[in-house]
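These are the structures, in C-alpha cells.
Look at the two complexes coming up: chain A is in both, with chain B in one and chain C in the other.
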Partner chain A sequence: MGRFVLKRLLQVIPVLIGISIIIFTIMQLSPSNPARLILGEKATEEQIEALSAELGTDQPAVKQYFNYMGGLLHGDLGNSYRTRMPVMDEIVDRFPTTFFLAILVMVVSTAISIPLGVLSSLRQNSLFDAITTIIALLLTAMPSFWLGLMLMLIFAEKLQWLPAIGSTEFIHFIMPTLTLSAANIASNMRMTRSSMLEVIRQDYIRTARAKGAPEKVVIVKHALKNALIPVVTAIGMNFGWSLGGAVLIESVFSMKGLGTLLLNGVRTKDVPVVMSAVLVTSLIFCVVTLLVDISYGFIDPRIKAQYENKR
Partner chain B sequence: MKNFKRMVAIVVTLAMTAALLGACGSKSKSTGEKKGESSRDSLVIGMAAEISTLDPHMHSNIGTANLMLAIFESLLTHDFVTDEIKPGLAESYEVSEDGMTIDMTLRTDFKFHNGDPVTMEDVLYSMERTMESAFQNVFWDAVDNVEAVDDTHLRFNLNQPDNNLPYYIADFANIVPKAVVEADPDGFARAPIGCGPYKFVNWSQGMQIDMEADPNYPDGEAPIKNVTWRFITDRSTALVALETGEVDAFMTMNGADFDQIRNTEGLTLKTVSGNNTYYLSLNMEDEVLSNDKVREAICLAIDKKSVIDGAEYGEAKIADHGFIREGQVGYSDNFKEAERDVERGKALLAEAGYANGLSLELKCQSSKTTHAQVIQANLKEIGIDVEIVQLENSAFYADLENGDFQMEFGGFGQYTPDPSSTFRYVYRSDGVMAGNYYRLNSPEIDELLARGEVSTDPEERQKIYEEVIQLVEDAHCCKYIYWPTANIAHNSDLKGVEATPVGEYDIYNYYW
Partner chain C sequence: MKNTDSAPRKSRSFIQDVWYRFKKEKLAILGLVILLIIFATAILGGFLLDYEKDIITQDIPNKLASPSFQHIFGTDGFGRDIFYRIVWGARYSLLIGFSGSIIGLLVGGLMGAVAGYMGGTVDAVFMRIIDMFIALPTTILAVAIVSVLGPSLTNLIVAISIANVPSYARLTRSSVLTIKDNEFIEASTAVGGNGVHIMMQHILPNVLATLIVQFTMGVGWSITTAAGLSYLGLGVTPPDPEWGNMLSEGRDVMRYNSNLVIFPGLFIMVTVLALNLVGDGIRDAVDPKLKN
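Moving on, here comes the complex of A and B:
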C-alpha cells in the first residue's frame, strides 16, 4: 500500500508540469501586455518597456517559463506583477477559505445526496423518486452564480438572516456552500441511485435477504458498500469541480479565497499569480484524487489486494 | 490654629483644582480639535476596483487616488466638485506672469502619522519621486526642477508654461516621509505613512483597507473615526450589501440599478455628469474609411439619444461638444456639429460609390455590446451592415494600438479640466498609442495644440481650442455620443456626500 501511495505521489509531478506548460502557453497567447495593463492606457512606450524589463516579461517565453519553474523548485512562487508582493503570501492567506469552502461543500453534498440517492433507488419510480429526480434536474440546470445571487437576495436582503459578503466567520460560508453544493447534490444523488439499483439486483443481495439479514444491514453493509465505488469517484471529481466553481462564487459573495485571486490574476495577466493559483489548486485536486483512490482500498477488499500485489 | 487649618485647606483645594484644570487643559490639547461631530464613528465605503498599491507615486489611476486622498496630503488640493485648486500643504501658490515659475509657501503645522514634522526635505524628495515614477513622470514634462528657496519657500522652474500642473500636483504629487520610504519602499507601499486626515491601519489584500482618523490633523480631526474601504467586484452583490447595511456607500453603481436605489427607503443616489466621454472612432487609415464621405455619412447616421436610451438606461448626457464641458476652455456656443441626417448620409455613401450598401466591422469591449447594437441599428438606416466584434479589455486595446480595426466604440476620461491634458493624447499625430486610435494626422491641429500647451493668454487659448474642436468635427474621425453619469449610492443618514465628475470622494467631509 505504501509503495502504491508513493508511486501515485510521484505521478503528480509530471501532471503538474504538464498543467504548468498548458497554463503558461495560454497566458502567453493572450493578446495583452501586463506592463500596459498595470500602467494604464495613457502610458508611453518607454514606460512600458522599462516596466516590462523590471517584470521580466520582455524576455523570451521559454526563458520566462524556466525562470518561474526554477523558482518553484526553491519554493518561490514569484512576485505578483501587479502588487510586487510574493505570491506565496497571498496563497497562504487565501488558501484556507477556498479549501474550507470546498470541504464544506463536499461534506454537505455527500451527507444529503447519499441518503437521498439510496432512498430513491429503494423507491424506484415512486412519487418520491420522481420529485427527487425533478429537483436534481433543476439544481443541475441552475447556473451557480444565479443561484448564489438568488440566495443572497432572499436570505441577506429580504430576510436579513445572513450576511451578503465576507469570509471571516462561519456564517459567511452558509450561502456559498449551499450554492456550490446544489449541482453536486444532484449529480451525486443520481450516481448513488443508479449504482444502488445495479447492486440491489445482484444475487448476493438476494442471498443476504434469504439468509434473514435485517433490511438495514442488507442495504448499508452489503448494497451501499458495493455501490460506493462510482459514488466516491463522483465525489472526488466534484471536489475538483467545486474548486473551480469557487472562482465564481467567491466573486459573487466577495470572499477572500484563491478563486478571487485567480480571477484578478487572469484579468490583469498576472502570470505568476495565475500559474501559482492553478498549480496549487491542481495539487490539491491530485491529492484528493489520490485519497479517493486509496479509499477504494478500504471499501473494496479486492482492490486493496490489487494495490498490495503490485509489490 | 483653626484659621491656619482653614487656610491650608483652601490652598490645597485651590492647588488641586488648578492641577485638575491643568490636566484637563493639556488633555484637550493632545486630542486636537475635531472638524465636526458625527453620531456614528464608523463608515464602510465600497468600490469595485481593487487597488494594487498604497504607494501614491506608483499609480496613475484617479479612481485609486480616493484612498491616497485620505492618507496623504499634496501641496495643493483639488476640489472635485467645483474643479477649483485650493491650498494644501502649501498655504499659497503663485504662477509668474510668463508662466515659467510657480512659487509656494509651505505650512509648518503638518506632521506625518508617525509624529515626524513635514519638512522641505520631504517635499523635495516626494516631488523628485513622482517625477521619476514610471506611472507619473509623464505629468512633469514641463518641469525642469523643483528647488527650495528657503525652508518654507518652494519654487517650480518650468521649461514651458503648463496649465495642467496645479491639477497634477494636487492629484498625484502626494508628500511622503523621506526617511520611512527610503528605509523600506516595499513595506511603505503596503503600510503607508502620510500626513492626511486618515491614518492607515490595516490592509487585507483583495478585501478591505482600514483607516483611522488622525487626531492631530491640523485642520481638525475627521468627524468619522473609523473608515473601511471594501472591495466588491460584483455590482449586484454591492447593491445587496448596500441594502443590508454591510456597506454604507458604494461608488459607481450600474445604471440598471439607479431606479431600484432611488426607490429603496434609506438609500440615496447622488449623480453628476461624469468626465468620461464615449464615442465611435473611425480608423482613417482603413481602406474604406479613408474616404471622408464614408466617414461623414457614418457620423450623420448616429442617433445619440437612442444610444443613451437603449444602452445607458437614459442616464447619460448627450456629448454635444466633444470632450469639452461648459465652462471649460474651448467651449463655445458657436461650435457647429452636424445634426443627424439619414438622407444626406445615404446620399454621401452613394457619392462615395456605396449606393448598394456597405459592410463594416465594429469592435467594442464586452461591457459595451448593447451600445454597439444600437449603433448597428443606426447605421443600418443608411445601408451599412455592421458586424459587431466584442473583445475582452486587453485584446480590445491591443487591436486599437495596432490599428487592427475599422470602427470602435470606447471612452476616454479627462485628466484635468484643461483641454491640453486630453488633446495631447487624442488629437496629436504622435499620440497613437494612448488615444489617437483613429489615426488623425493633421499638421494644422498639431501646430495649434503645440501653441495651446504653452500659451498663457486665456483669450488666445480659447481661440486655439475652439479652432481645434471644429477641425476635429470636420475631419469626421469620430462621433462623440455621450457623457456617462458619475454616481455614488449611500445610506441616507450619511451626510456630506457629493457626486463628482471624476469619481473622487473626499471622506474628510463625511459625517453621520
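Moving on, here comes the complex of A and C:
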C-alpha cells in the first residue's frame, strides 16, 4: 500500500510540470504586455521598458519559465506583477477560503445525496422516487452561478437573512456552499440510486435477507458498501469540479479565494499569480484523486489485496 | 449495433431502431419538442426583430419597467425589452453550444481514435497529455484561453471547443480500445483493409452511438460554461444580449428589478434540461440495458 501511494505521488510531478507548461504557454500567447497593463495607456515607452526589466518580462519566454520553476523548487512562488508582494502570501491568505468551501460542499452534498439516493432506490418508481428524479433533473440543468444569483435574490435581497457578499465569517459560506452543492447532490444522488439498484438485485443480498439479517444491516452493510465505489469516484471528481467552479461562484459572492485571485491574475496577465493559483488547485485535485483511489481499498478489500500484490 | 429489443423487426436499420425506442420515451420527446421550440424562436427572432431598433437601442425613461403587455418580461437597466433580448440571445447560446461541441467532438474524436487505434508510444504520450488536461479544471482552462484571445463570440467558441477536446478524446480512445480487438476488425485487416479504411468503415460506426450521447450532454455543458464566461465578462460582450452577460447586468440591478436576473437563467436551464432529456432518451434508445 505504501509503495502504491508513493508511486502515485511521483506520478503527480510530471502532470504538474505539464500543466505549468500549458498555462505558461497560454499566458505567453497573450499579446498584451504586463507592464503596459499595470502602468496604463498613458505610460511612456521608457517607463514600460523599465518596469518590464524589473519584472523580468523582457527576457525570453523559456528563461522566464525556468526562472519561475527554479524558484518553485525552492518554495518561492515569485512576486505578483501587480502588487509586487510575494505570491505565496496571497495564496496562503486565500487558500483557506477556497479549500473550506470545497470541503463544505463535499460534506453537504454527500450527506444529502447518499441517503436520498438510497431511499429512492429502495422505493423505485414511487412518488418519492419521481420527485427526487425531477429535482435532480432540474438541479443538473441549472447553471450554478444562476442558482447563486437566485439564492442571493431571495435570501439576501428579499428576506435579508444572509449577507450577499463576503468570505470572512461562516455565515458568508452558506449560500456559496448551497450553490456549488446543488449539482453535486443531483449527480451523486442519481449515481447512488443506479448503483444501489444494481446491487440490491444480487444474490448475496438475497442470501443476507434469507439468513435473517435485519433490513437496516442488509442495506447499509451489504448493499451500500458494495454500491459505494462509483459514488466515491464521483465525489472525488466533484471535489475537483468545486475547485474549478469556485472561479465563478467566488466571483458571484465576491469571496476572497483562489478563484477570484486567479481571475484577477488572468485579467492583468499576472503570470506568477496565475501559475501558482492553477498549480495549487491542480495539486489539490491530484491529491484528492489519490485519496479516492486509496479509499477504494477500505471500501472493497478485494482492491486492497490488489494494491498489496502489486508491490 | 445490438438488437436487444424484442419488438423491432429485422428489416429496421440501426437508426430506425434507435428512433423506434426513442419515440417511446415521453420525457425525451418532451425535451425534443422544447429544443425545437427554442430553435424556432431563435430563427424566427432573427426575422421578426430588428437588431438596431428592438435589441440595442436604449430607452432610458422606460428603464427597469415591470412586466406589461408591451414588455412581457419588463425592461432592463437601459430600457430595452428583456424578452426580445432573450429571444435574440438564444442564437448565441445555441451557436456556441453546438459549434463548440461539434469542434470538440471532431478534434477530440480524431485524437482519441488515432491514439486508441495506433497504441504504443502514440497512445502513451496522448494519455499523459490528457491526464494533464484532466487535472486542470475545464472552467479554469476556458477562462485562461478566453483571456488570452480576448472576449468575443469567436474566441468563446474556440475556448469552449478546446475545453471540450479532452473528454471526447478520452471517450473515443476507450471505445476504440474495446472495439479494435474484435474479430471483425481482425477479419478486415486479414483481407487487406488499411488503417484509414478500418477506422472509417468499421470502428467509427461502432463508437458513434457513445459519442452522440456524450455530445447531447456536452452541448448543455458548453452552453452553461459559455454563459458563465460571458457572466465574467470573458465572452459575448454588451450590448449584444447573451444570456450570461444579461445575468451579469441583472446582478447589478436585481434590487430594483429582479426580472433581468430571473428570466435569462430560466432560459438557460430549460434549454439545458431539454438537451439532457434528449441525451438520456438517446442513451436509453442506443443501449436499453443502461436504462435505470
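Rule of thumb we're sticking to: the second predicted complex is superposed on the first by the 311 of 311 C-alpha atoms of A that agree within 3 Å, B and C clash if a C-alpha of one lies under 4 Å from a C-alpha of the other, contacts with A are read in each partner's own complex, and residues count from 1 in each chain.
Throughout what follows, a residue touches a chain if its C-beta (ideal position, glycine included) is under 8 Å from a C-beta of that chain, and two chains touch if they have at least 3 such contacts.
Keep in mind the model is a prediction, meaning the values are calculated, not measured.
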*Once the two structures are overlaid on chain A, check if chain B and chain C clash or fit side by side.*
clash
*Pick one for A:153: touches chain B only (first), chain C only (second), both, or neither.*
both
*Where does A:194 make contact in the superposed view: on chain B (first), on chain C (second), on both, or on neither?*
second
*Answer with first, second, both or neither: which of chain B and chain C does A:254 touch in the superposed model?*
first
*Based on the superposed arrangement, let me know which partner A:47 touches: chain B (first), chain C (second), both, or neither?*
first
_Partner chain(s) touched by A:30 [first = chain B, second = chain C, both, neither]_ = both
*asked:* Which partner chains sit in contact with A:15 here, chain B, chain C, both or neither? Use first/second/both/neither.
replied: second
*Figure out whether A:282 sits in contact with chain B (first) or chain C (second), or with both, or with neither.*
second
*Which partner does A:125 contact after superposing on A: first (chain B), second (chain C), both, neither?*
neither
_Against chain B, colliding segment of chain C, chosen among 2-10, 20-28, 38-46 or 56-64_ = 56-64
*Considering each complex separately, which residues of chain A are in contact with chain B in the first and with chain C in the second?*
30, 149, 152-153, 157, 251-252, 263, 267
*Could you pull out which chain A residues touch chain B in their complex?*
30-33, 36-45, 47, 50-51, 82-85, 90, 93-94, 149, 152-153, 156-157, 160, 163-167, 251-254, 256, 260-261, 263-264, 267, 269
*Which bits of chain B are touching chain A when the two form their complex?*
50, 52-53, 60-61, 134-135, 137-138, 186, 189-190, 204-207, 230-234, 236-237, 240-241, 243-244, 246-247, 393-395, 397-399, 415, 425, 433-435
*Can you check the complex and tell me which residues of chain C touch chain A?*
128-129, 131-133, 135-140, 143-145, 147-148, 220, 224, 227-228, 231-232, 247, 250-251, 254-255, 258, 261-262, 265, 268-270, 272-273, 276-277, 292
*asked:* With touch defined as at the start, can you tell me which chain A residues reach chain C in the complex?
replied: 14-16, 18-19, 22-23, 26-27, 29-30, 137-138, 140-146, 149-150, 152-153, 157, 194, 197-198, 240-241, 243-245, 247-248, 251-252, 262-263, 266-267, 274, 278, 281-282, 285-286, 289
